[in-house]
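Got some structures for you, see below.
In the two complexes that follow, chain A is the common piece, with chain B as its partner first and chain C second.
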Partner chain A sequence: MADIFSSIISVGFHGLALAMVLYLISVGLSVTMGLMGFINLAHGAFAMLGGYLMTWLMSRYDVPFGLALAGAVIGVVLISIILERLLYRRFYGGDELDQVLMTMGLIFITIASVTYIWGPVTQPMRPPAALSGQIDLGFRSFPTYRTFLIVCGAILVTLLWLALERTRFGAQVRAAVDNLRMAQTIGINTSRLFAATFALGSGLAALGGGLGAEILPITTFYALENLVYFLIVVAVGGLGSIRGPFVAALLVGISDTAFKYIAPEFGAFFIYALTMVLLLWFPRGLFGRT
Partner chain B sequence: MSHLTPSADRRAADIAAFSRRHRFHWFEALPWLIAVAAYFAFPNYLALGSQILAIILFALSVDLVLGYAGIVTLGHAAFFGVGAYTAGILAANGWGEPISGLLAAAIAAACIGLASGWIILRTTGLTLLMQTLVVAAMLYELANKAYRFTGGADGLQGMSVWPIFGMFRFDMFGNTAYFYCLIVLFIGWLVVRNTVNSSFGRSLTGIRENVGRMHAIGAPVAQRRLIVYALSAALAGVAGALTAQTAQFVGLNVLNLERSGTILVMLIIGGIGQLYGAFIGVPLYMIAQDRFAEADPTYWYFWIGLAMVFIVVFLRGGIFGVVERLLARSRKR
Partner chain C sequence: MVSGKLLFALASVATLGSVTTASAQTIKIGWVNSYSGFLAQAGDQMEKGLNLYVKLHTKDLPPGVKVEFVRRDDTGAPEVGKRVAQELITRERVQMLMGVVASPVAAAIAPLTAEAKIPFVITNAGGVAIPRISPYVTRFSFTLWQTALPIGTWSVKQGWKRGFSAVADFIPGHDAEGAFIKGFTDAGGQMLGSVRFPPASADYAPFMQRIKDAKPDVAFVWVPAGPAATAIMKAIKDLGLREAGINIVSAHDLLPDEELPNIGAFGADIVTAGNYSTTGVRPANTAFLKAWDEEYKGKAIPNFTSVAAWDAAHAIFELIKTTKGKFTGDEAMKFFAAWKDPDSPRGPISIDPATRDMIQDIYIRRSEMKNGKLVNTDIETIKAVKDPWKELNPPK
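== the complex of A and B ==
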């Protein structure tokens, strides 16, 4: 009995950590899809770049963890703004297929570029001394870094929710998701709003990629291998919402950890099956708008 | 009465245009002439040639659902893989007769197409895209798990394919395989060509362009989408079986996301919804891949990625579309 209880806690804990990473990376994707109607398959590439920049700054220049993470986020935000203005903007509200093709192309370019710059090996992720080892929470001990990850994730989720619900910028985003034309009519500069949202989403992805480098290892095919997970979180959560992807990330993170604990030889099979059923039940996602 | 005349004229013109589409043009012989010429010109590249022919068939099957029915799929490797494994497992377990292997592959893939299509085709847009992706991903995990039948990550080994009609042995130079693939592709192409030029094919285009109106005129939209999905799955299955039989090996990569993605790329390079895009895009992509990817896969990814972005930004409609536009412009002058 105690064994089962202990396994449940363990699965819940690791599932929660995975969920936080998935959420940070996917929430930007959900908002850009809901807001601009853009299927950005390359979103994971921003997370991957974040991870690469962070591990590179840490291992090559001995930059402390926090600074390296901030540097990675800033770097990715700059890159994403340039890409948004040059490429993405042309395809808003356009053909789905064009979007899929262009962003797949961007994934390939990113894969080649990171292999060229950083080589084909997995980037080592060494958490700072203060965050490594185990932490004792009274009833049992947990890996410190993952505990930190969950706390960080919870804080960021709260901040993001406050930003979207309580600020002027958030109100503009919500207005534009609900009714783009009306938002333009009342004088919201949607072009600038798109750029800002895109940059914010990419920055969060970079943050997720960097923070989660220990759970989703930084390898050259990161953007392609994890793409299905990010898309599942977005599609199951529902487009254009920030609450939906959170619930979906929790669902995916915890059930994926549980399935892989119970029946590891089936890999991700059950999570795909679950996705299929959920999407049939809620074609617009759990919190999608009609 | 006068107001009726133009519409009668218009009707006659429409019918004429419709039957013109179905008549064979001289340029339609070109791919086949080139394929036969390539056999004599590049005897050392017949293995690559057979692969290209099989993948052209796969691209045709994708064109049918994507270009004509407008179903954006990121999971067509599911059917390619089911076909490859069906033919492969048959040949590895004592039934190496190739033609019946192809048929079995077609039936198996069509069944999976029908079953999955019946479930997922009721969704649209991103949800549908996700469903196609998830179906392929599930089959991938299953194939990985069922290593007793599929060989799992090591791949399916020990296939022995019998001679075609008991007469034409698959030789090590790939002569038989090349013509085998060419003939199967030709039959597949006839099937696709007849389908898209039939009234059934026209109604698919109608569904792609305006679902609401097709519903309004009483077309059985869901049924037609399901039929074309299953037909396309069968063709993709045959393409997978061809690859398995000619390579005598099936790896897990027949089912992965990369295969579903790259087939879209090849098709889009050539041009979507034009029947001939596959014949341009697939050889271009695969020959370039053969030349460059072996030497340095990293650069290959870079250039193919760049080409994809370039095509979407500058070459709308693929190479075939650009050629058609240039022709139309020169005709106007």
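== the complex of A and C ==
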């Protein structure tokens, strides 16, 4: 009995850590899809770049973890603004197939670029000494870094929620998601709003990629390998929502961990099965708008 | 590329006998390695071992004989490996294939060599059954049965009776799991369970957690040598497996010499079985390390893969010297079958003519901190180990 209980806690803990990473990376994708109707398959590339920049700053220049993470986020935000202005904007409201082709191409360009710059090897993720090892929470000990990850994730989720529900910017985003034309009519500068949301989403992805480098290791094929996870979170959660992807990330994170723990030889099989069942039931996702 | 083709044309003319002078003769060897993909680091180790030998010993070749390595990247994927091997055989017309880090790649290439009747000298890929695929395969590395079985037996001798195994889910992982369980249970140990995880860049924590929750005395953990070793050691540390009283053992792949600086002090006091460590006290090893440091200026540390490539290059160069560079595939295989080198950096080695695999000493090593550095120190030597799997599973 105690064994089962401890297994459940193990699965819940590691699942929660994975869920936080998936959520941070995917929420931006969900919002941009809902807001601009833009299928940005290359979203994961921003997370990957965040991871690369962070690990590179840390291992090459001995920048402390927190600073390296902040640097990576700022770097990715800048890159995403440039890309949005130069590239993405031209495809808004365009053909969906064009968007898919363009963003797929971006993924391959990113893969080739990071291989060229940083080599084919997985980047080392070495959190500071204070965050490695075990932390004793009284009833049992947990890996310190993952505990930190879960706490960070929870704080960020709350902040994001408040920002969207309580600020003027959040209200504008919600208005634009609900009815783009009406939002434009009442004088919201949707072009600037798009750019800001896009940058915010990319920044969050970079944050997720950096923080989660231990769970989703930084390798050249990151953007492609994990794309399915991000898309599942968005599809199951429902487009344009903040809450939906969170529930979906929890579902994916915890069930994926549980299956890895109980039946590792099946790999990701159960996750795909679960996704299919859920989408048959809720074609618009759990919190999708009709 | 062009000059290679030209030389080859010259060489073929020379062998046809229409040129009477003992002019340039080039032996083309197809070198298949993982320059990219999840085994790229092991590939780099192998490459450095080969290059060092070739650089130091090209001068020893018979006059007029040249060796040209035609290098290809298999990316760690069997279908790519097969394609490049095919191209090397049919288009580049190599006389021999050499290299290969990944067992699935080697298994995909081996059947081609049976058709082409050219030797395939494997310098890493340890999948135990690969030499059975083609009579033209010979191997200078090791099999996981040579390393993982002894560590199973050794674990039970320490009084660790309840075991668990966790391995990467591809050919060598399956070998390692089977061999450890065989050694462990034959000696009287009892397995509590085993898990297999995806080989490329996995998040190891859930699997390590499962070991921790099962509370075994000893856990056998196997990943391919390289960054995966450091990553899984980190998961072991973060989950506190060793603090929970679980002893970690493995084949040498978990503590490869070149990753030891990355693993650091936490990796001390772990026992692994392998065929080479840089700390081995042998004159041939000292000379090898000296040459290595001169070439790579302290920026690289050799491991068992580098030594396997070095040893294989040595055998091939001796073949060329003995035959003056003129040999058929069958003659080369006969030469390899009788190959003995009492003075490899890893100790005395020979090819077992029955299996075309190495007979070599296996060292039980304990890792320890020495002068602030993590090193593997040999604590026991098992002399002249043949591949146990082929003895347990005779060909039908």
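The rule we apply is simple: the second predicted complex is superposed on the first by the 290 of 290 C-alpha atoms of A that agree within 3 Å, B and C clash if a C-alpha of one lies under 4 Å from a C-alpha of the other, contacts with A are read in each partner's own complex, and residues count from 1 in each chain.
Rule of thumb we're sticking to: contacts are C-beta pairs under 8 Å (C-beta built on N, C-alpha and C of every residue); 3 or more make two chains touch, one makes a residue touch a chain.
Please read all numbers here as calculations on a predicted model, not as lab measurements.
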| item | value |
| --- | --- |
| Room on chain A for both chain B and chain C (clash or fit) | fit |
| Partner touching more residues of chain A, whether chain B or chain C | B |
| Angular separation of chain B and chain C about chain A, which is computed from CA centres of the superposed model and rounded to the nearest 10 ° | 70 |
| First, second, both or neither for A:Glu265, with chain B first and chain C second | both |
| Touching partner for A:Tyr145 - first (chain B), second (chain C), both, neither | second |
| Partner chain(s) touched by A:Met276 [first = chain B, second = chain C, both, neither] | first |
| Which superposed partner A:Leu97 touches (first chain B, second chain C, both, neither) | first |
| Chain B versus chain C as contact partner of A:Tyr52, first or second or both or neither | neither |
| Partner chain(s) touched by A:Leu87 [first = chain B, second = chain C, both, neither] | first |
| Which superposed partner A:Tyr23 touches (first chain B, second chain C, both, neither) | neither |
| Touching partner for A:Thr115 - first (chain B), second (chain C), both, neither | both |
| Shortest CA-CA distance between chain B and chain C [superposed frame, angstrom] | 5 |
| Chain B/chain C common contact set on chain A | 115, 120, 265, 267 |
| Touching residues (chain side chain C, partner chain A) in the complex | 35-38, 40-41, 169, 195-198, 200-203, 205-207, 209-210, 212-213, 226-228, 230-231, 234, 237-240, 243, 262 |
| Of chain A, residues touching chain B in the complex | 33, 39, 87, 90-91, 96-98, 100-102, 104-113, 115-116, 120, 224, 227-228, 231-232, 234-235, 239, 265-269, 272-273, 275-276, 279-280, 283-285 |
| Chain A-touching residues of chain B, taken from the complex the two chains share | 66, 72, 74, 119-120, 122-127, 129-131, 133-135, 137-138, 141-142, 144-145, 257-258, 261, 264-265, 268, 272, 298-302, 304-309, 311-313 |
| Complex contacts: residues of chain A adjacent to chain C | 3, 6-7, 10-11, 14, 18, 115, 119-122, 124, 132-134, 141, 143-146, 214-217, 219, 257, 260-261, 264-265, 267 |
